[in-house]
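First chain A sits with chain B, and in the next complex the same chain sits with chain C.
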Partner chain A sequence: MKKILCVPFDPVHDVGIKIIKAELDKHGHDTKLISPDLTPEAIVKIAASEQYDFILVSRTLGYGVAELLARFIDLLDAAGIREKTKIVIGGKPVTPELAAELGFDKGFGANSSMEEIVAYIEGREYTVSHQGLNRTKKDIVSKYDYSFNNPEIETLLSSIADKLIKWAEGKTSPGVERAKLREKIFNSGSQIEKDTLLEKYYKLCDPEIINANTKGQFIKGVRRVSEKELTDLKTFIETHNPVDPVRIQHADNHPLVFKFLGSGCPVMDITHAKVCERYGIDGFLVINPSWEARYEGLIEGCLTHENDGTITSFENIKLLRESLDTSTLLTVRAHRGLNTPETTLLAGLAGADLAKINLVYGSLGAGTDPVRLAVDGIETIKLAARFNMPFDIPGNDELSGVPAWKSLAGLLINVMIGKKLGAKPILKPLFCFGPHIVINGLMKDNYIDYNAAKIFALRSIVNSPIWPGEPIAFMTQSEERVQAANANSYHAALAAGLGVDVITVASTDEAYSRGPICITSRIDTIRAITDAYKFIGNASFKPTPQAGEYTKMLVEKITGVLRQVEAKDNLPEAIYAGLLGNQEDGAYPGTFGAGTVK
Partner chain B sequence: MRSIGIIGTAKNTGKTTTLSAILKSLNNKKVAVTGIGYDGEEIDNITLLPKPRLYFDKSVIVATAEKCIVNSEAGYRLIQKTDIETSLGFVCIAEVTKPGLIVIAGPNRASQLKELITIINELGRDYLLVDGSLNRISPMYLLDDLIFTTGGSRTTDISVLVDEMVTVEKIFTYPDSGFHADNPSRGRISNPSGGRISNISAISFVSESGIVNAGLKTFIDQEDVKFLIGNIPGDCRQIVIPVFFSEAAIRGLMDYLNSNKKETGLILLSPVQLLLSADFARLRDFIASLSGSSVRFSYMFKPVLKAITINPFFPKLYNNIFVADYMDKELFLKEMCDKLKTPVFNVEERLVSVS
Partner chain C sequence: MKRAIDSVMDAIDIETYLVCSDPLEGKKLALQLGTELNLGEIDIMYQEFDGYGVRVRLRKYIYKPGNNYLYLENSSPGKGGVK
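After this line comes the complex of A and B, so read on.
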């Protein structure tokens, strides 16, 4: 049993010391709490009157307070009390450095646990119990069977998917062929065979890719990551185990939280990712450069890029995967562009956990020819199924101005294709303040009803995992970081209350960084969401009756869209016809890769 | 070995800059450096403003916490890991082998500093420089020389700053009692009345018949005064107060001694302890009240007030963040030099020369 004097060195903020006293009492220690309005001299007299093992001082800090505390320490020293008594400071901003500067033997701050304080008092060595993340990888899809609750929609989707799969039979593209060659190269044990296959591969590539891979003439802003950079990164990871990691989810059923990676530099991505992991982020989505989607072929090697988007080479994905904690999920974007199958193949070979595919949005909002993406997309979904990688289906076409029902119809088409090809799709409706919503006043009263209605509508149709994105709170963030963090936290709380599986969140400077986003802005939204989850717990927001109206409207309009799509011979034809988003909506069928399907 | 301590009247009054200046002036001497507590950080822990940092040349010996030495930018050779514990780990003694920045986090109480002085002394150093932390002063009584730093960070009122340093100067004018406890930096000095006084650590009466413990742990309030007065032996010549006392208690004791016309000596541990007993304004009034008193003050430990350095910088709160601002440096220096006998330097403009 230790004899402890508890000193509230602050006339107002003495809650912390009272809680600590109660905890120490529970552990059988002899504590004495003194009045909060005593002079330092009076406290010294009390401290000298008996032999205390510890004096715990609690104080908030401001300018001038440090000098008061330092003088107090001097008085205790001059009174000879320090020789036998440890003097400890506690307060929200206290760090070991500040405690040392003030002259205390020990300091406990906002991040100190009660367990740590008690261990110190009892002279037990306190080992941070959470060195490393100590968590297991989460499964997003296994509890869903993809059964349909809406027979008409199921029938329509089944027909659309069957027609597409049949249409695609026997068709191929340079993207599909490159993926096949790449897999053969990967599996070949013979250098001669590899070289021959590579020669064939380059015949299907654009000159920029061939020059980069064979002559080291990279696209502007691209260079190889140096050996020193890789060694330094390895050392950083090996020597910086996450200490005292934070868990974002307050309840076990709270949605997992994903962040984007795509600074252009894999080293910066990994550095950010390691910090985010410590703050509880469950997974990352790797976003590639927009130009990577426009060239036929992929650049090889560990590469950095001085612009938005991290190159999704095998080596880069592998580096990311190996640098992340084994419990952290990794998704690689492949929903658009001319390298969709190969990117998913490389992601699978490098150990990524999920893929990201949307045959509709990839054609409408991201510039790939619908025919090409349909052929490539089917091959990609097959690869995802083979590598047992669930794939998420981003509904970001809403941001172009496409109405939610068209976007959701597109997601459902992908779900059915995925189901038929043996893959595990994940619906990704937007939680956003998109153009169609703004123009039509759908969120005029609140941001809850329409977002909730999307979830209610999808749930009424299919039993599938749902992952609002991408990111949540899109178009609701301002340049002010507190506002942006708040906007994210409200949307996250809504998502938690709706019981969805995952959310993707941005940083508070995502739209305003004017360059790479900063790590502090990433932490802003993570911490805001951690608090939001704690706030909402197992409660939820109550939508107004309007949400029910919106749900009914969405299901009806989705059905209407699918009827129109089903009436067409195949999905690309429906996309060209604007049934899933037209020029009036702000969506245009892409042209990259047009005429390349054979 | 000569030990020199830098004492600040507040945060950001120029302790580190003063120490850096002294280090430069001693570049051909064998120097060791430590600090009371922790200093040398890049950013002020409270204002978040950038702070000057300590840069060490080759062959300087530093005594700092293990965490600081391991993470230092300078190259070093570990000489010894002491058992002096700080909140940043045990204090290590190391020689700088490659110049660079080192954060100093040394002993934080008197007994630890005493132990460190012994260690450094044995290493054959010419000088030990001790950086203060904040306004910490208590352990500094063990040192030979003290330099005070003051400036806009304490107050921007020049007359107050001058007045405070005048008080400090006066406090350092009382004599050495010649009645020392062990002082490792000076060697042992015996009690002139015969026999060595070793570590008087309690309030005591010195009379013809010997030294008697007064039975008080502190000397703080009127209750303590009453107790002490009630126990003073009739033949008491001196009262030794080597522990913490308040100015109010000393004043109460003096009132009694003066009213009873007792010519008793009061031996305090050091001027540092007197400085700790009250704020500057009360101390100024207290010193003034001593004229005509029958009580003679002296100290068991009497460091030399070597210099005063001034720093016109102060952190100003602007839109809820601290920004750097500066006082009128010429006026500040002139007022200080006019009123003080102790050498005064504007630390950012002149090297402090140690001799």
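After this line comes the complex of A and C, so read on.
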């Protein structure tokens, strides 16, 4: 037991020393707290009246304080106290160097932990935790049973999904066939068989992919990651550890937090990811280059790319997976393009945890032909189910003017297809300020009601995990750093208050598009969200009565959309007819892969 | 001796306030600042003129994706990196 004098050497700020005193009391030490704002002489008189092992002084720093503290140390010296007692200073701006400069034995500042202070008092060596992240992988889906609370919507969705699955029976595409071949290649133990299968694979590929894989003639800006780069990366990971890893969630039920990876370079992605893991990020979503979705076939190998999007080859996904902490979740974008089944297969084989799939969104805008994606998408969802990978379904009311009810209807169609195929879908409504919202003034008063209404509407329909994205605060952020961090934190607090399962968050350079996301900007929003979660705790924002009106409207309109979709023979026909987004909305059926389904 | 700039993970952001008469002058000064700091060409990420000057956020990318990242080479034992 140590005898400790606690000195709030400040006119007003004494909370820090009181917290430390309480902690030292808990550890069985004999502490005495004196009143604040005494003169140095008065404090020295008290200190001299008994034998103390430590005098802990708390003080904010300002003009003239250094001189005051120096005089205090001189007085302690003159009284002979310093010979027997260790004098310690604490305060937000205090550093070990500053404490030594001022003549103190030790100093603790804003970054010091209570454990560190107690260890010093007790004469124990304080070691910073280097034990990895010390967390377990979170399960997003198991508490949901996908039961429906809205019988009409359930009936409509069931009919839409049944018709689609039946329609797709016996149909195939180059994408489906390539995935089958790729799996056979992966499982074959014979090089001769592999070569034969690969030959068949290349017959289903575009020349750019064949040239890349057979001649090393890559698409502009793409090259292989060298062995040296991989070795250096491995060394980087092995020689660095997360120091005192942070947990973003203040309450156990706070949403998990995902970030995008997709700089183009897996090495840059991984170094960013390792830093983000330390700050508490729970998972990453790998975004591939837009061109990758437009070619038939995938490039093999560990590859880097100078522009947006990281190539989702098996080797790249595996490198990411193996470089991340085992507790970190990884999802791979496969929701559009001509390689959806193969990308999901490779994600599963490489150990990814989730895949991003949306048969509707992927067929709109600059997407895939609806017939092709319906056939590929069904195969993809079956693969996700086989690999036990839940699939997250992104909404599409952010860039074009698709109204939320059409986007949400599309998500629900995917949920029902997933349910029927034995997969575990995750709804991803957007927390965004999309064009339809702007034009119709749906967030004129606040950003809470309409976002909350999307959650309320989905919850009133189905018992499914909900993961707002993608990212939250999309279209509300500027290139101004503080505003961007704030926008993320407010939306994160809203998500926490609404009790959703996961959020995807941006960085403070999200709105800046002339280069890759930088690590400092990633940390900015993580820190902002960590604070936001602490701020909101188990409380929540209170939506206005308008949220109830919006919820009612969304459910009615979702029902209306699904009635129209159900009236069509199959889902692609409904997409071609613009029922889930039309030209007026700024959405139109994709064309990639048209005419390739057999 | 190891150069600090070789330890930069991706980019250098500079946030400052430049006293100027109008947004155009602010932009010129912001770009000039990059040259004066020997950073070469820099990007203006954000600029807001308020009548007295501009609050700016500037960025200099040290690496593009796929470049050789010197901080990785410096991580190797025996190269002054972290053990």
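By our rule, the second predicted complex is superposed on the first by the 482 of 598 C-alpha atoms of A that agree within 3 Å, B and C clash if a C-alpha of one lies under 4 Å from a C-alpha of the other, contacts with A are read in each partner's own complex, and residues count from 1 in each chain.
Going forward, contacts are C-beta pairs under 8 Å (C-beta built on N, C-alpha and C of every residue); 3 or more make two chains touch, one makes a residue touch a chain.
As the structure is a computational prediction, the values presented were derived from the model and not from experiment.
Enquirer: In the overlaid three-chain picture, which partner chain does A:Ala457 touch, first (chain B) or second (chain C), both, or neither?
Expert: Touch status of A:Ala457: no partner.
Enquirer: What is the contact status of A:Ile209 with respect to chain B (first) and chain C (second): first, second, both, or neither?
Expert: Touch status of A:Ile209: no partner.
Enquirer: Now for A:Glu67: first (chain B), second (chain C), both, or neither, which partner does it touch?
Expert: First partner only, chain B.
Enquirer: Of the partners chain B and chain C, which touch A:Pro516 in the superposed model: first, second, both, neither?
Expert: In the superposed model, A:Pro516 contacts chain C only, not chain B.
Enquirer: In the overlaid three-chain picture, which partner chain does A:Met268 touch, first (chain B) or second (chain C), both, or neither?
Expert: After superposing on A, A:Met268 lies in contact with chain C but is clear of chain B.
Enquirer: Is A:Arg223 in contact with chain B, with chain C, with both, or with neither (first, second, both, neither)?
Expert: After superposition on chain A, A:Arg223 lies in contact with chain C alone.
Enquirer: Once the two structures are fitted together, what part of chain A is touched by chain B and by chain C alike?
Expert: Common interface on chain A, chain B vs chain C: nothing in common.
Enquirer: So in the complex, the part of chain A that touches chain C is made up of which residues?
Expert: 221, 223, 229, 232-233, 235-236, 239-240, 263-265, 267-268, 271-272, 275, 304-307, 478-481, 509, 512, 514-516, 518-521
Enquirer: If we count contacts the way the header does, which residues on chain B are in touch with chain A in the complex?
Expert: It is residues 10-11, 36-39, 41, 45-47, 65, 85-88, 105, 108-111, 133-139, 201, 217-218, 220-221, 224, 243-244, 246, 269, 273, 276, 315, 317, 322 of chain B that touch chain A.
Enquirer: Would you mind writing out the residues of chain A in touch with chain B in their complex?
Expert: Residues 41-42, 44-45, 48-49, 61-63, 65-67, 70-71, 73-80, 82-83, 95-107.
Enquirer: Sort out for me which residues of chain C touch chain A in the complex.
Expert: 9-11, 13, 15, 43, 45-46, 48, 57, 59, 61, 63-66, 68-69, 71-73, 75-77, 81-83
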